[in-house]
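Only one structure is covered here, and it is reproduced in the block below.
Order as written gives the chain letters A, B and C; numbering starts at 1 within each chain.
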């Protein structure tokens, strides 16, 4: 009974009043719609203003720069000759591009898989009631509170090949020889940044999914328990479907944020060694601020935005409910 | 309830607490290491022992004497940025959730696209704008900039929470004669409490840990949040990690307290009750 | 419905149009304010502070964030400012963030009155036209080491002066070497055998930075140049040999593979903790090393490929420049800069930083005062500036060289393949 009701209410929104209520017919309805449009724009206006003011200009400027031959001198004089697609061709032909794309893909997919699965598991675990639940949940957000330079440096220490705590523990427990070059080997460096990124991303996923879980009425679970459904079925038929909108946001934003990550990688490995952990975002930063090739850096960050956009569109097509439920 | 049944339930919750503490210990081991090295003067990569046997508070003394003001700056800016973000984003989220129209999708996609732009690109453009508007080196300027970190995220998050508000309770308020603003404030906001608190939480965290705007939009120690001030101990050649870690620990305490408070407010199943 | 769609399209188009115009206008306006030199208000004055009661208030920007350097340099700046009749504020930005900040200031024309740059970057910034040539402002260019003046020169004009310079040498643990009965190596062959002898389960024989943040290339350059390599031909046989030598030290186990993650400060920490018997590092570490109880260290010249060859080391140190602002500010800043480079101030600056003064006379004085700096004083006279041959192309070369270094050391590529790839990337 309760489930049926929930499905009903999801469809309802105040714009269309049920027929019985509109005495006076079409003109009343048109007035109501008009007022709704006004409300819509009035409520949206401050946010739109903010978005345009803070984000529109950088995006447009970035696109413009990517089509120009933009050097340090251009920064100062404002003059940059038009370069057509030269910057894009330069980054695609650079021989690095293929590797960087693969690295980015591995980094993103593995980070997101780890963050989401562990975050969801923890959110489900914490939705039970037990002493100190709230405090522990809040403390799990500590990684986000610490200045990034401090936490990433600690990770550098922990992952050091010769004296890091991780290798010392693994060696003492005889799981490995205790000499793994976590940050000093191109392949393992990628593994390390993925691990640290998962560590950073778990609280984000956990907190949001937990909030979403708390929206699901307890009665549904109680009814299901009375019917004798096991925990896995409860998860499959109650939790997962009702969590869809929140899951959708978490996955999309998680993807966008992961693809954008540079701080962690810059401090841990600088994109190396030998470009082992070089992602599109880090490469874009290095092109602009270490090689001073601003046109190429802008081009690469535009490629990044397009890639993220394509994924977002595909994901939303597949998962219509996730974003635009109803 | 038979006494033995009550006992197993208590045992079960205690077992959960123990498991939760173990999870906490594993997840927060790096944080432990940070506290550990903050208590060992002259800490470097490998001179830090597992336990701070030779306790020294010099790191904290240095941190307190230099970073106190920076901490206050960080908190003030972060709180204001959060407030601005929620005030701007909540009505927008409601509009996008409950008044679907043709522009909803483009607006949502645009909001999502803003999250794809690298922070340094935004900061570079913002620097020029702020310079012309004389907003550089100002606390209000940083508040506005840091709010922009939380607004798109808050819109997207709160929207997904508000989407599941039953149309009936809004309709009921409308039939009662309430105007849209009243409906928003007295019906929508209380019901979407979880979403709003979660969004506020992360807006605070984004603003609190911001580094790029703090670096770009200030100069010469005028306005210095702690993310910037911490670099005082990191010269090119001599890096004093002990006060750095001490600063990190000190900086987290007030913010952690706020988080614990906020988490209490995420309660369960409000929508369910409202329908009944 | 058609009306709505058109309206929405119009709105979107309007927003786009506004943004494009804003973007185009801002780039145009920064061009026009560049041509209208001498107008203090047009953005240039905003960051630097305006006149206060007739006295100019200047800003100096550097990356000396940590004590005691921050205070010593600040003291020199203040004293010189007072002598020039102005006041000055010291804006210290952390090292990795200085260049991004300078770039932002370049685009908004808000460069400070005195700007410090690491010397390899001078060419790029001077090329933009944002710096004023020194010498015409009454800054005396006599008595400096020629290599230092060359480092601050772009197209025949001097744009930057370094009060203090440095280079790198071989620093070794006297106790460990004595215990193994070795004298400091002077050739590559000796370095290889000595490093092997000094490698025990407790410590490596040798350590040098090979990271990808600028310090790897810097540390590798002595080996590269001394063997005859030149920056325009990264895949020459001499260059490959140098890389082969360095990576063989890791392969033979005398050097840790982690050097690809270590900056010079990390290498110094390893040395101080007794984890490496010898290291390549610079004199700025001496104040830190001196504080380490029980550590006896010695300084020697970097080993050369064959006996008797000349050691070619890179020139380090930061140049101070006077960006274009307005004539009165530039003149005042030039006065402060000249005062900073007086013999006394150079000695104070050098002591605080662990550098060598760039005035030959002051350098000779410091060699007498601190004998351990003597090898560096000799080196600095013949040190090579990294941008002397390749100018603004250096950053790209540096990146390629460091990638090759890491690839060879981690065994991902052979030295030949790594250097070929580096040259191909140019």
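Here is the rule we use: contacts are C-beta pairs under 8 Å (C-beta built on N, C-alpha and C of every residue); 3 or more make two chains touch, one makes a residue touch a chain.
Keep in mind it's a predicted model, so treat the numbers as computed, not measured.
Summed over C-beta pairs in contact, the chain pair with the top total is A-B.
With centres computed as the average of Cα coordinates, no chain lies farther from chain B than C. Centroids of chain B and chain C (each the mean of its C-alpha atoms) stand 37 Å apart. Taking the mean of the C-alpha atoms as each chain's centre, chain A and chain B sit 15 Å apart. Contact of a single residue of chain B with at least two other chains is seen at positions 45-46, 120, 124, 231, 234.
Shared interface positions of chain C, defined as residues touching 2 or more other chains, are 26, 100, 103, 107, 275. Within chain A, residues 57, 59, 61, 156, 160, 162-163, 289 each touch two or more of the remaining chains. By the touch rule above, chain B contacts chain A in their complex via residues 12-14, 16-17, 19-21, 23-24, 27-31, 33-34, 37, 45-46, 48, 50, 87-89, 91-92, 94-96, 98-101, 104-105, 107-122, 124-126, 129, 145, 147-148, 151-153, 155-157, 159-161, 163-164, 166-168, 170-171, 174-175, 180, 183-184, 194-195, 197-198, 201-202, 205, 208-209, 211, 226-227, 230-231, 234, 241, 244-245, 247-248, 251-252, 255-256, 259-260, 262-264, 266-273, 275.
By the touch rule above, chain B contacts chain C in their complex via residues 44-47, 102-103, 106, 120, 123-124, 127-128, 131-132, 134, 136, 215-216, 219-221, 231-240. Those residues of chain C that touch chain A in the shared complex are 15-16, 19-20, 22-24, 26-31, 34, 99-100, 103, 106-107, 109, 124-125, 127-130, 211-213, 256-261, 275, 395-396, 399, 402-403, 406-407, 409-410, 412-413, 421, 424-425.
Listing the residues of chain A that touch chain B in their complex gives 2, 5-6, 9-15, 17, 21, 35-37, 39-44, 46-48, 50-51, 54-55, 57-59, 61-62, 122, 125-151, 153-158, 160, 162-165, 199, 202, 204, 207-208, 210-212, 214-220, 245-246, 248-249, 252-253, 256-257, 259-260, 262-263, 281, 284-285, 288-289, 298, 301, 304-305, 308-309, 312, 323-326.
Only residues 52, 56-57, 59-61, 64, 72-73, 75-80, 94-96, 156, 160-163, 181, 183-186, 269-275, 286, 289-292 of chain A touch chain C when the two sit together in their complex.
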